[in-house]
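Listed next: structures, encoded as structure tokens.
Shared chain: chain A. Partners: chain B in the first complex, chain C in the second.
== the complex of A and B ==
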């Protein structure tokens, strides 16, 4: 079971490698990747350094080029694939059908992983990408229950990677336009959700307000922790009731399911967080490294240690975690 | 310009569904899409019932009847539903995810792609056309400029359909937000989304209508309305305008679009709606406030 870890910078990549990542995924510093945030990600020089560090330590490097290519600048996405192939990356993580066609034709040796942004949730959808583009692995959307993951793993002809820990997208990835509806920028086209440049923190009579492009996302009393105004985690009014109508600030944590995921034949666990600090990456990677090593040794006797749980909770949105869609009652 | 009724997003009573489509037969629509596209648990009409309704409508009407598939598949039951629709043997199918595309392409059948299939550029469009796609409903967040760029770069183009009126489907989740609001689990939802035939409005704490909750789906709080862009839609060579079913005033909306194509539209009587996405802006904005031409 491979541990696939995020890096938005060289120090984060080093933290991931030092703490036990089997593979690290990075993006180039433009809208070709789904964590297109200012000051993050890799230019050509840093990508080469990243590769050198990865090779020195015998790990793998994946490059995420997982937004949907724009019609007037398709060449930028093609160039990103060319750059990843030029680096001799171990795989590229793609979502766009047109781009996969290009990668397959131009770089037949380059391994393709299907991004979670492609939202493939059934065996025939996975088979589509395998037959058309020869994808080797797919990252599953965070919408399936454990049982559904197990069924899909039994039917799939490609390797499957699932999310272990990190910010929880509660919508099917690649199929959420909430951000563009309010701010004009979307994960699919711009690689951002609820972009920071549209965020406003405002002290008002009713408390601290968070806004996105002027739209009120939440209002906090003095004793409440004010979180980043991600659209699906705001407090809204439904039928006269003020509530977290979609989801509360929380992170996904599937560590407790590791034995089942391993038994199902899941080949890789992905940690989310290319936008996070090297210190964050170091802590969660070390925790997951220990947990995966334990499950490899102990199998079904595995249990989540309190210290692991504490570390992950501390690094979670709203200081709480959930099994998300893996667990039916969450749905 | 043809007018299409998109697939119904909300969960309605069986008798109401039958009556609604009966009424639609006497409207100037050219195309009617039918089928459950949101939740595989909804069972007032199962796959076989939708097939039967579609075949009945196709027999008595000269409108084109198209079958739409589920958008977010999670269980084997969901997939079996999609398979039944794809295997109907008679009517065109609108694929709303890649599972349906795979089944239809394997069977060598022509197919349409719905707005939740991510086709954002000419290369993706060409690939799917090579597999049998004949009609493309454009993702709701795509602008007129981007659509023009895709179409200009195409060697051959499919029929192009634009989501021109109605609350836009914005997101799909494993979670049922209607059940959550009512304090229920999805597994024990009691099909309560049926109590909200036009969805459950979600507003900001300042009362701004942001979204509409519809089971596992989230729709735009405001309907989109591209009537004021009718001329531009024609100039771009759009073939079909999609009007999304709603419980109230569907006939008036269809009439307004029919008037536009007969050049007989009184713009004072337009139904409300936003057009931000079409103008390359946040979807909730209203840019063109008058006329039926391109925005100033």
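== the complex of A and C ==
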């Protein structure tokens, strides 16, 4: 089972490698990746340094080009694929079908991973991507229950990667434009949900207020844990009650399911968080490395240690974790 | 070594909490900005901090009452003029700032736990965070790094008590 870890900077990449990542995924510093934030990600110089450090340590480097190209600037996304191929990255993680066609034709030797943003949730969908574009691996959307993941794994001819840990959003993966209703920009088009230039935090009488483009989306009382300022995690008055109408600030943690995922033949576990610091990367990668090693050694005898759970909870959005859709027996 | 660093942290912290808030201006501001200019000269030349041009970033260390106001002009960080409101503010207590500086804790984690707060233009605060995260830590001498880690660990314990 491969441990695939996030890096938004060189120090984060080093933290991932030092703490046991098998593969690290990065993005270029523009809208071709879904963590397009100021000061984050890799220019050509740093991408080369990243590759050098990865090669020195015998790990793998993936490049996420996981947003949808715009009709008037497709060339920028093509250039990103060319840059990744030029780097000799071990794979590119793509969502846009046009871009996949381009990568397949132009760089037939470049391994393609289907991004979670492509939202392929059925065996025929995965098979289509395999036949058309020769994808080697697919990252499964976080909307599937464990049983559905197991069924897909049994039927799939491509490697499957699932999410182990990270901030959750509303999970309309590849289809979410919620952010753009308020800010004009969304993750799949502009690589950013709630762009920082539209976010405002203000201390007011009722607590800490969050505004997106001037629209109030939440208010936190003094001791309440906060989350990312996204519309889906805001609190709104519905039927006279102020509540999380769509999603609570929380992080997914599927560690408890590691034995089942391994038995199902899942080839890789992905950790989320390219926007986080090296300190986060070091802590969660070390924790997952230990857990995966334990599963490989003990199989079904595995149980989640309290110290692992504590570290993951501490670093979670809203300070809480969930099994998310994995734990939906009715699905 | 450990015992010495322990008592230095403890005594220094108590002393700082009492004395520093009484001063009208933190005396270390000039020295700190000078240090930033020498340590980050390469980044400044590469334009990585241009987003701070003519902007005022205010960093407040809540428990010590330290307020650092920094701006950028040309290729240099400069002290921000007094009386002009900041464009972006970041505040936390000394233990949490040290935990971030020493790589012990992640700023987003502290933010979720309401230990770090941001005000004004979020983009400036976020970009500062990302730029600092991307700095090559191997440039900091090993002993200084280790010292920072020790003090951060100790201060986390002192403040928690």
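Everything that follows uses one rule, which is that the second predicted complex is superposed on the first by the 323 of 331 C-alpha atoms of A that agree within 3 Å, B and C clash if a C-alpha of one lies under 4 Å from a C-alpha of the other, contacts with A are read in each partner's own complex, and residues count from 1 in each chain.
Everything that follows uses one rule, which is that a contact is a pair of C-beta atoms (placed from the backbone, for glycine too) under 8 Å apart; a residue touches a chain by one contact, two chains touch by 3 or more.
Computed from a prediction, not measured in an experiment: that's the story for all the values here.
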Based on the shared chain A superposition, would you classify chain B and chain C as clashing or fitting together? fit
A:311 in the overlay: touching chain B, chain C, both, or neither? Say first, second, both or neither. neither
First (chain B), second (chain C), both or neither touched by A:12: second
Is A:329 contacted by the first partner chain B, the second partner chain C, both or neither? first
Chain B versus chain C as contact partner of A:236, first or second or both or neither: first
Just checking: does A:267 make contact with chain B only, chain C only, both, or neither of them? Give me first, second, both or neither. neither
Which of the two partners, first being chain B and second being chain C, lies in contact with A:150: first, second, both, or neither? neither
Comparing chain C with chain B, which touches more residues belonging to chain A? B
For chain B relative to chain C post-fit, closest CA-CA distance rounded to the angstrom comes to 19
Based on the A-chain superposition described above, do chain B and chain C contact any of the same residues on chain A, and if so which? none
Residues of chain B that touch chain A when the two form their complex: 71-76, 78-79, 97-99, 101-103, 105, 116, 118-128, 139-141, 146, 149-150, 153, 168, 170-177, 180-181, 185-187, 200-208, 210-211, 213, 218, 220, 276-277, 280-284
Within the complex, chain B is touched by chain A residues 68-72, 74, 95-99, 101-102, 118-125, 127-129, 131-132, 142-145, 148, 151, 170-172, 174-178, 180-184, 186, 188-189, 213, 215-219, 232, 234-239, 241-243, 245-247, 324-325, 328-331
Over in the complex, which chain C residues touch chain A? Could you list them? 48, 51, 100, 103-109, 111-114, 117-119, 121-123, 126-131, 133-137
Provide the residue numbers of chain A that touch chain C in the complex, in ascending order. 8-12, 37-40, 46, 195-197, 199-203, 208, 220, 222-227, 229, 249, 275-280, 282-283, 314-319
